[in-house]
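Heads up, the next two complexes both have chain A, just with different partners, chain B and then chain C.
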Partner chain A sequence: MVAFLIRRTFGMILVLLAVSFVTYLIFFKIPGGDPAIRIAGRTATDANIIAIRQKLGLDQNIFVQWWDMMKALLSGQLISYYDGTNVVQQIKEGMPATFSLCIGAGIIWLGFGVLVGTISAVSAGRFSDRAITALALVGISLPVAWLGLIMRYLFSEGGVSTVMPDGGYVPLTTNPAQWFFHLLMPWFTLAILFIGFYGRVLRSNILDTINEDFVRTAKAKGLSSRRILVKHTLRASLIPIVTLFGLDFAAVLGGGAIITETVYQIHGVGFYAAQSIQTQDLPPLMGVTLYGAAFIVVFSTLVDVAYAYLDPRIRLS
Partner chain B sequence: MADLLLEVNDLGVRFATEDGTVRAVDGVSLELERGKVLGIVGESGSGKSVTAMTLMGLTRGVNAQFEGEVLYKGADLLKVSDRDMQNYRGNELGMIFQDPMTSLNPVYRIGEQIVEAIQSHESVDKRTARARTIELLRQVGIPNPESRVDNFPHEFSGGMRQRAMIAMALSCNPSILIADEPTTALDVTIQAQIVELINRLKDDFDSAVIFITHDLGVIADIADEIIVMYAGRVVERGSKRDVFYDPQMPYTWGLLGSIPRLDRPRPERLHTIEGMPPSLIRPPEGCKFRPRCPHAFEKCREEPALENRVGTPGHLDRCWLDVEFKRSHRDETISPGSTEAA
Partner chain C sequence: MATTGQEEFTLDTASELAAEEGGSKIEGKSPWALAGRRLRRNYAALGFLGVFILMVVLCLLAPVYTTRVSHFTPNEPNAGGFVRENGQKIPVISHGSTDFGQNGSVKLTAGGIPIGPQWGASGGAYFFGADGLGRDVGTRLLYGGRNSLQIGLSAAAITTIVSIFFALLAAYFGGATDWIISRFFDLIWAFPVVLLGIALGTALSIDGFHHWGINIPAGSLWIPTFVIAFVFIPYIGRPLRGQVLALRNREFVEAATAQGAGSLRIMFTELLPNIASSVLVLFTLIVANAILTEVGLSYLGAGVQPPNASWGTMIADGQDVLASDPWLSLLPGIAITITVISLNVFGDGLRDALDPRAKVRIEH
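Up next is the complex of A and B:
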């Protein structure tokens, strides 16, 4: 276990370095990517641009440029080209909102996904199964941006009522009730896609597991159908869900909830990422990318550890 | 009168499928007394497993229809509710399955799975159930049961897993142990040990055994009575002696001829039964074995009843052929080549 974690840690660092370098490279290859030209403005002379390049260190070898930026990022000194703010500071400020959004949504989508998938599998072929299947497909197909706008229109802006707050975020420490109230619609907006998807995956996992020999054995032992479902069928069927959840959750925590955060004006990491993309601001993009990639690699390791716990046949090696 | 545990009368099982109704089991009757071993023999699709699973209530489902009765100690198991059936499963009837590799849940320890069976039927605490589990594992011949009880199934060999399955099936002292091809997935030496174990435990636990197999050789030592099934029906039924030494059904000859035997001259090749088992949706008219039977004649288009034709009490078959004709011709199938050699 310890050896596994040490090996994985080295692997993770390598992956993160590679991700950041590739991101850096891509940025300079996209049209209009060169920060010096953008900063210099429309009426810039060549001399201006060269001076800016020199100031930002962009006249150096690309490896040196990249390494300088990584050093600045890791020491917390990285400054945005666009508005001069500290990138690490900005990400830190966005994290409470992003975490509030994602943890709540994660609980909702995992809970409802398991519930929906189980009900659907148990009633396979009957009306409730068909209804859930149809709803799940609708949920998967709804674009988050559209759903967010419609929810705001219906419940905040008078479509049906004006009860719900119209976007924005209130920190938990400021007012827990308002925090909850403001996040309710974003939570469901973010979760609905995953609920539909997890429900479908779990349904088919359960239906596969029901035909396993060990489920027949459990029945032959004389166990109650509830116990067979929970202890034998569901336990085996949830293992693939753990992988999905680990990676999806890491992705949204790592700033992947860009659209939800933007639609609801939640100033989290995703919102920050969206803004930085609009201004093609290199330092924050590097910061946000690395921050997101870190969540992915850490959670995929956690998933592997959880796997070994859930299925004793798997050894960490 | 001996202690009659199970009486099955005219059991029929039909499954509705997209292609039509499958008559998986058709008019099967059998009796089982305490202390006896009943062998059910037949090839894949003959209905032997469906019969066994139906006794356990494991074939219940929206697509299944049942006929006849399954009387266990006077109660008709086809009619008891799903909830009551739970009390019969494991407690009154225990079952072991073909593939011990997949029959145990891979994510729970062997001990946990047996303890779970005990606790689902008896209100005993974990410690007592665990002590009994260790004792059971010892009885089925697992070495070092005190530590093995905490192993996961993947840490057991195939033979040991089947032993653990037997321990689980016997954990609540069922009166009947149903073994559905318990040795098919095991290698030959282990097969013999498992058969011997089942036979010994039957006496230790004072129960009866239904032993299902496609290999007559496996039950040659332990069966008291043998039922031969074909296309969902019983085609021959008799004591072990009747079926092995005076078989009346050409299908039984085929099964006997396909076992390698050391006590007879070695044939060039073992006998194979030509063709495939018939469709159970549209079975052939008359005798179901007719299309594959080398001795079929005109009369076989009429369905023969399962009745006594040989004179030996209790020996029933479904074959129109003349008994003397059969006695003089069956060795061509059972041990081809040996008649000339002898």
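Up next is the complex of A and C:
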């Protein structure tokens, strides 16, 4: 296990380095033109550009440039050239809002996904299964931005009522009731896509597992069908769902909830990135992209380690 | 993503299972013919394929709509204009007004609200209303749809072709080739899809792409197309690589090698036909995902750039006036949802037809 942990951690660090290099290439090398002009944004002055060119050491070797950039980022010195704010600081400030949104949505989508998938598999072929399957399909086909806007129109801007708050975020420490109230619609908006998807995956997993030998043995032992479902079938079918959840959850925490945050004006990490698109302000985008990728890489390592802990075959391979 | 897991849709299973469904009737028919027969009996899948084709045809007819119905081109502003209805002149963008009542009361009406859907009352113009610049929403819906569909379909086609190529190379040669290609997949996989799309989309929206003799200007539709194609490569490449890997050591490959077939011949005439059914299913589902991604990127401003319309930019255009003009965001969203649902239903039907084992299993 120790050897596995060391190997996996080493691999993770290599991937993080590669990811940061690719991110560097995206922002500095892929677009044409002078990167100093580009990174200075739309409101640059000549003095600005010269300062940036010197600061970034753009005349140096590409690897040196990349390494300096990463050092600047990690030591919290990456500055937005649009409004001069500190990128790392801004990402940190956005994290409570993003985490509030993602943790709530994650609980909803995992809970409803499992519920929907199980009901649908148990009643396979019947009306309730068809109805759920159809709804799940609609769920994965809705554009998130549109779903959010429609919910806002219907429940906060008078389409049906004006009961719900029209976007915005209230910190948990300021007012827990308002925090919950403001996040209710964003949670469901973010969760619906995943509920549909998880429901479909779990349904087919359960239907696969039902045909396994160990389920037949449980049946032959005379266990009740409820017990077989909960203790045997569902437990085995949930393993792939847990993996999926680990990675999807990492992706939304890492800024993947950007559209939901933008629609509901939740000032989280994703919202920060979305604002930077409008001003073509590249340092914040680079910061958020790296932050998101780091979440995915670290979480997928954690999922692997959890698997290795549960299944010895993996750590020996 | 709708493409995790490594489902096996080989045509072998199709023929195995065909035996269960019709006995003697299936003798002498190819697996493709059997799959086609199963698909023809799936009316839901066929119906939704029809819906998708209808959407494509409608969007292709956008220029006809412009000349025959709306008489507006998609990017033609008309903010100060009027339409005539039953002899009345209605401003395209409403004017504010101040009415003084007799008892000294003042009634203020806010202006600047674009005209709503006219449903043909004004002779075709503004059938679905106007946007904030007085542009015809119906015309923009069709032209925007054309852009969204073009980006979705070409991005999916590029991803699929590139992924097939990588998957065949990686799984056939193995060793260092496999290692490099797999790490390349891992690297793209490590970024959240939307964030990588935004990073590339924004970086390329500034100056366009000018490398290796390829020049793409900044506002081009090819930028979102290539960005989306790039982002989805591992989502097809990984499952296909797994399938080719499983086929690599089968007897028919050995037989081809024994007959003296070269690497290219084995890859493209022996291995490729065996993954063709999965490619078809994955392609359908990736088109749906590519359209949704285009909408997300364009909504955030990192996809299709103004003045070009796409369904995503139209949703964004309408969001600030949601309370007064909900149709501006509502209509493109409905168009996207219909298109994506029809692709997903058809994709599911295609999977059931090509991989009946999954279906038989579910019907227990």
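We take it that the second predicted complex is superposed on the first by the 281 of 317 C-alpha atoms of A that agree within 3 Å, B and C clash if a C-alpha of one lies under 4 Å from a C-alpha of the other, contacts with A are read in each partner's own complex, and residues count from 1 in each chain.
The rule we apply is simple: a residue touches a chain if its C-beta (ideal position, glycine included) is under 8 Å from a C-beta of that chain, and two chains touch if they have at least 3 such contacts.
Values in this document were obtained by computation on a predicted structure and should not be read as measured data.
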item: Which superposed partner A:142 touches (first chain B, second chain C, both, neither); value: second
item: Which of chain B and chain C A:212 touches, first, second, both or neither; value: first
item: Chain B versus chain C as contact partner of A:255, first or second or both or neither; value: second
item: Which superposed partner A:285 touches (first chain B, second chain C, both, neither); value: second
item: Partner with the higher number of touched chain A residues, chain C or chain B; value: C
item: Contact set on chain C toward chain A in their complex; value: 1-2, 4-5, 183, 186-187, 189-196, 198-200, 202-211, 288, 292, 295-296, 299-302, 311-312, 315-316, 318-319, 322-323, 326, 329-330, 332-333, 336-337, 340-341, 344-345, 348, 358, 361-364
item: Touching residues (chain side chain B, partner chain A) in the complex; value: 56, 58, 82, 86-91, 94-95, 97, 99, 102-107, 116-117, 120-121, 152, 154, 165, 168-169, 172
item: Partner chain C, residues of chain A touching it in the complex; value: 15, 18-19, 22-23, 26-27, 30-33, 38, 124-125, 137-138, 140-147, 149-150, 152-153, 157-159, 197, 201, 204, 207-208, 210-211, 240, 244, 251, 254-256, 258-259, 262-263, 273-274, 276-278, 280, 282, 285-286, 288-289, 292-293, 296-297, 300
item: Chain B contact footprint on chain A (complex, rising order); value: 212-214, 216-225, 227, 231-232, 235-236, 310-313
